[in-house]
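In what follows, chain A forms one complex with chain B and a second complex with chain C.
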Partner chain A sequence: MRTENQKAWLFVIPVLALVAFNALVPMMTVVNYSVQETFGNNQFFWEGLGWFEQILRSDRFQAALGRQFMFTAIILAIEVPLGIIVALSMPRKGFWVPVCLVLMALPMLIPWNVVGSMWNIFTLPKIGLLGYFLNDVLGINYDMTQQPISAWITVVVMDVWHWTSLVVLLCYAGLVSIPDAYYQAAKIDGASAWSVFRYIQLPKMKAVLTIAVLLRFMDSFNIYTEPFVLTGGGPGNSTTLLSIDLVKIALGQFDLGPAAAMSLIYFAITLLVSWVFYVLMTKDDQP
Partner chain B sequence: MIELHDVTKRVGQVTHIKPTTLTLEPGQFNVLLGATGSGKTSLIKLMAGLDPMASGRIEMDGQDVTRLNTQKRRISLVHQFFVNYPHMSVFENIASPLRVAGMTKSEIEGRVEEAADLLQLRPMLNRRPSELSGGQQQRTALARAIAKDSRAVFLDEPLANLDYKLREELREQLPDLFAGRGAVVVYATSEPEEALMLGGKTALMDDGRVTQFGTTSEIYRNPENLSAARVFSDPPINSAAVTIMRSEAELAGAAKWALTGAAADLPDGLYTVAIRPHRVLPVRSGAAEIELKGRVIVTELSGSDSSAHFQMGAEAWVSLASGVHPYRIGEDHVFYMDPGNCRYFGQDGRLVA
Partner chain C sequence: MKKRYLIPILYIAFLMLPIYWLVAMSFKTTNEILSGFSLFPQTFTLENYAAIFTDPTWYWGYINSILYVSLNTVLSVCVALPAAYAFSRYRFLGDKQLFFWLLTNRMAPAAVFALPFFQLYSSIGLFDTHLAVALAHTLFNVPLAVWILEGFMRGIPKELDETAYVDGYSFPGFFVKIFLPNIKAGVGVTAFFCFMFSWVEMLLAKTLTAVEAKPIAAVMTRTASSAGYELGLLAAAGTLTIIPGAIVIWFVRNYIARGFAMGRV
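And now, the complex of A and B:
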């Protein structure tokens, strides 16, 4: 007895076509490059998994990957708690709500390369306001163009400045959706401020917080424009994150094969870590 | 016992609760009955200490709690929405106020299990609220209120979001759940029927004021004023202007009847007569019944009751009778009422007879 309606496939076609054009086709081009070698003239030679092996074994890739994980870990460790704290301290009703929301949204409205330029000019020693202030007023030896530590701090602070707002706005949306009745129940039970956070606000924020962590992970793991404009990956290779390294290989050296292989490895890592985050953060929700 | 002395509440320029004096006692349900926006929830929040009072004084068991914050008032509150801690099991939800109070482990377990048994939550103790039905979630909230050693339990329309059958079931259980606990139980509702079924005492609320307070059945039978009569009637009570002259009432061009009993002594003048819909019937059922001629405008059949809205002069009245009556919209029909069931209110809205 077969009564399945094969027409259902028709309805899936638009989605399949869309996914094919915006993901599968471009990605297959990269897959195509990643297993071949070319010397121009549109001539290609089969290379197999050689590029993948070369990339994974290279010290340069491993170092860039290490820097990338460190950067993302620092960013998440600062932006998520800071975002929650700022969201908790924002007013929930009244005149100041729109003011706070606009102030929070401002950094996110600035184009990424402008953010990079802004912070570059702002922090240059001698010329930049912050650079001048740190060196000549406070007497702190700070030069992000020369010292790796200074460069790292600057990149991290810039990202925190640019993207903490996203975490704040998402958490805030979660917080204002909690009905007053929950706070009243907590008050009646005599719960402490910490208990209210731990047992009401945090659980109620969890869904948006999961999205915030995922977005911040993916964006910071794939970050390119801002650190590139700010430090260009330097001094030396100290702030050469994965995507900056990738562009150097692909466009600087025009090694299409290794760059394609690296792109796929990069993509796989992003996907895998995002999946792990997602599973860890939502595993409590399954009954 | 909760005593309110001239309690008021204002938000900005708006007065939410006008001066209210009320004494609520344990041992029976104290129902706050009023339409949406009449101030039931506002009054509960004042007693619970969740909102600040503009003036007045509140005492609980003789202790002045006016300046005492919510945590120290030893109260429980069950909301219309099902409020439970989402990431705690049912057991932990019921136990949470007990833990805050610093009870021992065995004492907590005993109390939680007792409350869970009363509300048939035993098999669900290890589940999360999100895994429960609406009725079970609300029972969990009720169990938390019961397990806690409260001086007062506020139930703010606790059954409003449950479906019909669950509501009936839980309403029957409610008085037994709180019987013999010594806590003052305050129950807010907008349904007159609910107040009647719960028994106890009722405070009628209208526009931020308590218009009448007393034994529920007594208020139903003898509303002190027109507003109380209107609040405590579903469908709404029939009312009309009447002229009384020499112990005879005349309802503008529709009917005329002789006054008996206390009403016979009313001085001549203008009054409002009110009679409940189920006292206006489509068939004659006694010698004392007088005729009301009207034109049927709307009919409704609900189960075994039929109601008819009919136009009589300037007034539209409702008749609610058991059994199915064949009305036709637009036709003239004679309805009957016993003048002995009529209540008369003066021009200030107060009951006079």
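And now, the complex of A and C:
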């Protein structure tokens, strides 16, 4: 298939230079800070791995990490099945297909801070459509700024609103690539809807579903702007996910050492889990 | 109509509700918003939009955002094209490792890079320029562009390359005149994704700018905090940020599903 050619490196150099400039220099800065202590005035003292130990042992980091894993697990558990169901029930051809696709993709094209503001306006008690409906029509006591549980549900629903379409579009791309002949053969054999899904549609969607899970894992694990604008991490620390906590330490308190150590631990976890997905994804992909 | 179409209809309705509410709010007066609940704007007003289009801080926010997003899109696609070609056609030392390393940059939390980026771009004198944000966004857009383009290029049979060389094309001639027209859908989709991810990102864009290149997202947060409770204005500004996305998405509507699958379907 692909031929051996070392000159191909020449084609890769521009990308390499650009990404290396953006990734390596800041990464070295972070590594540099993570092993030093500073009291300002540009004076630095060697600290060794002290910050890493302190971060890993701190309750605050463990709590934020726990919330982060819980958030990612919940949104994956909702978005993946919901995305598959919506993709399966969409029309395959005709005028409505592009209309559906464009409308579904729309939430993903809204700047993340606007997503936060939009959900804030949407859920305000008395003023927002959802806040008014829950409080004044259904009589449920709902106030995101006071109740941790309401804040959690709102952040999760916001992410489902924002990103389920990614799963839908990916699965849909897998589904439309199935030739009609497969369905006809299944019909002749008298296959049930479940067998069609299990033996024809699901295998075809496997590759795209892995991409969907990988992308959703990476992006939800790195999520910052939307929950920050919506809840600011509150009430209390209840919705302080990893990124929010990191920015609080780095830019809020300007604790460079601990923030850098936390960045590296954070990045290592993301990398590790993503690597597992990547290996699974490319296992039967490469010729 | 088939019964199962109820599912996509309900799903789209769920997606549209918060957007409708944002748009409805943008046409309300501040008095009406604060005085209580109304499903439709009672006194329809355009004053929120008028405020944005007459205030340079506001409309320059949009211009700045569009400038760095366009710059980033052109830059990302141009450097990704040859690299994606190399990955799709050749095996070379460390190709798989390099490809994975590129992807790891797509995984890096922006929060990790915010402060180092600020220091890096300040030290080379690019702080508060459109170029700084455009360059910073290549961190996640270039890997994505390489990934999508490689998927599309893999679908083009190698015989196309070989026939062109037999016909006497040089490599640049072949690439521009024959290869590019064959993957133009892929290039369009890639450009769309670069546009999208640069347009929606705001942590880095906000960190790397102060006055001259301030993106619309930063104008919105600062206005929201300084001017108090101006929900109508905020809603109008939010509504306007949806429009560029809605326009570009229309051009790629037939390829969008394939694009999200990274050209791999």
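FYI, the second predicted complex is superposed on the first by the 258 of 287 C-alpha atoms of A that agree within 3 Å, B and C clash if a C-alpha of one lies under 4 Å from a C-alpha of the other, contacts with A are read in each partner's own complex, and residues count from 1 in each chain.
Please note the rule applied: contacts are C-beta pairs under 8 Å (C-beta built on N, C-alpha and C of every residue); 3 or more make two chains touch, one makes a residue touch a chain.
Just so we're clear, the structure is a prediction, and the values are computed from it rather than from any experiment.
By the touch criterion defined above, A:179 reaches chain B but does not reach chain C. When the shared chain is aligned, chain B comes close enough to touch A:187, but chain C does not. Residue contacts after overlaying the shared chain place A:277 against neither chain B nor chain C. Contacts of A:69 after superposition on the shared chain: neither chain B nor chain C is touched.
Once chain A of one complex is fitted onto chain A of the other, the partner contacts of A:109 are limited to chain C, with no touch recorded for chain B. Touched residues of chain A, counted separately for chain B and chain C, are more numerous for C. In the superposed model, A:197 makes contact with neither chain B nor chain C. With the contact threshold set out at the top, not one residue of chain A is in contact with chain B in one structure and with chain C in the other. By the touch criterion given at the top, residues 4-8, 11-12, 14-19, 21-22, 25, 33-34, 36-37, 39, 75, 79-80, 82-83, 85-93, 95-96, 98, 100, 102-117, 119-120, 135-136, 138-139, 142-143, 146, 158, 196, 199-203, 216-217, 220-221, 224, 231, 234-235, 238, 241-242, 245-246, 248-250, 253-254, 256-258, 260-262, 264-265 of chain C touch chain A in their complex. On chain B, the positions that touch chain A within their shared complex are 45, 48, 50, 70-71, 75-77, 79, 81, 83, 85-88, 96-97, 100-101, 128, 131, 144, 148. Residues 179, 181-182, 184-185, 187-191, 195, 199-200, 203-204, 284, 287 of chain A are the ones touching chain B in the complex. Those residues of chain A whose C-beta lies close enough to touch chain C in the complex are 1-9, 11-12, 14-16, 18-19, 21-23, 25-27, 29-30, 82, 85-86, 88-91, 98, 100-114, 117-119, 121-122, 126-130, 132, 136, 161, 164-166, 168-170, 172-174, 176-177, 207-208, 211, 218, 221-222, 224-225, 229, 242-243, 246-247, 250-251, 256, 259, 263, 266-267, 270-271, 274-275, 278, 286.
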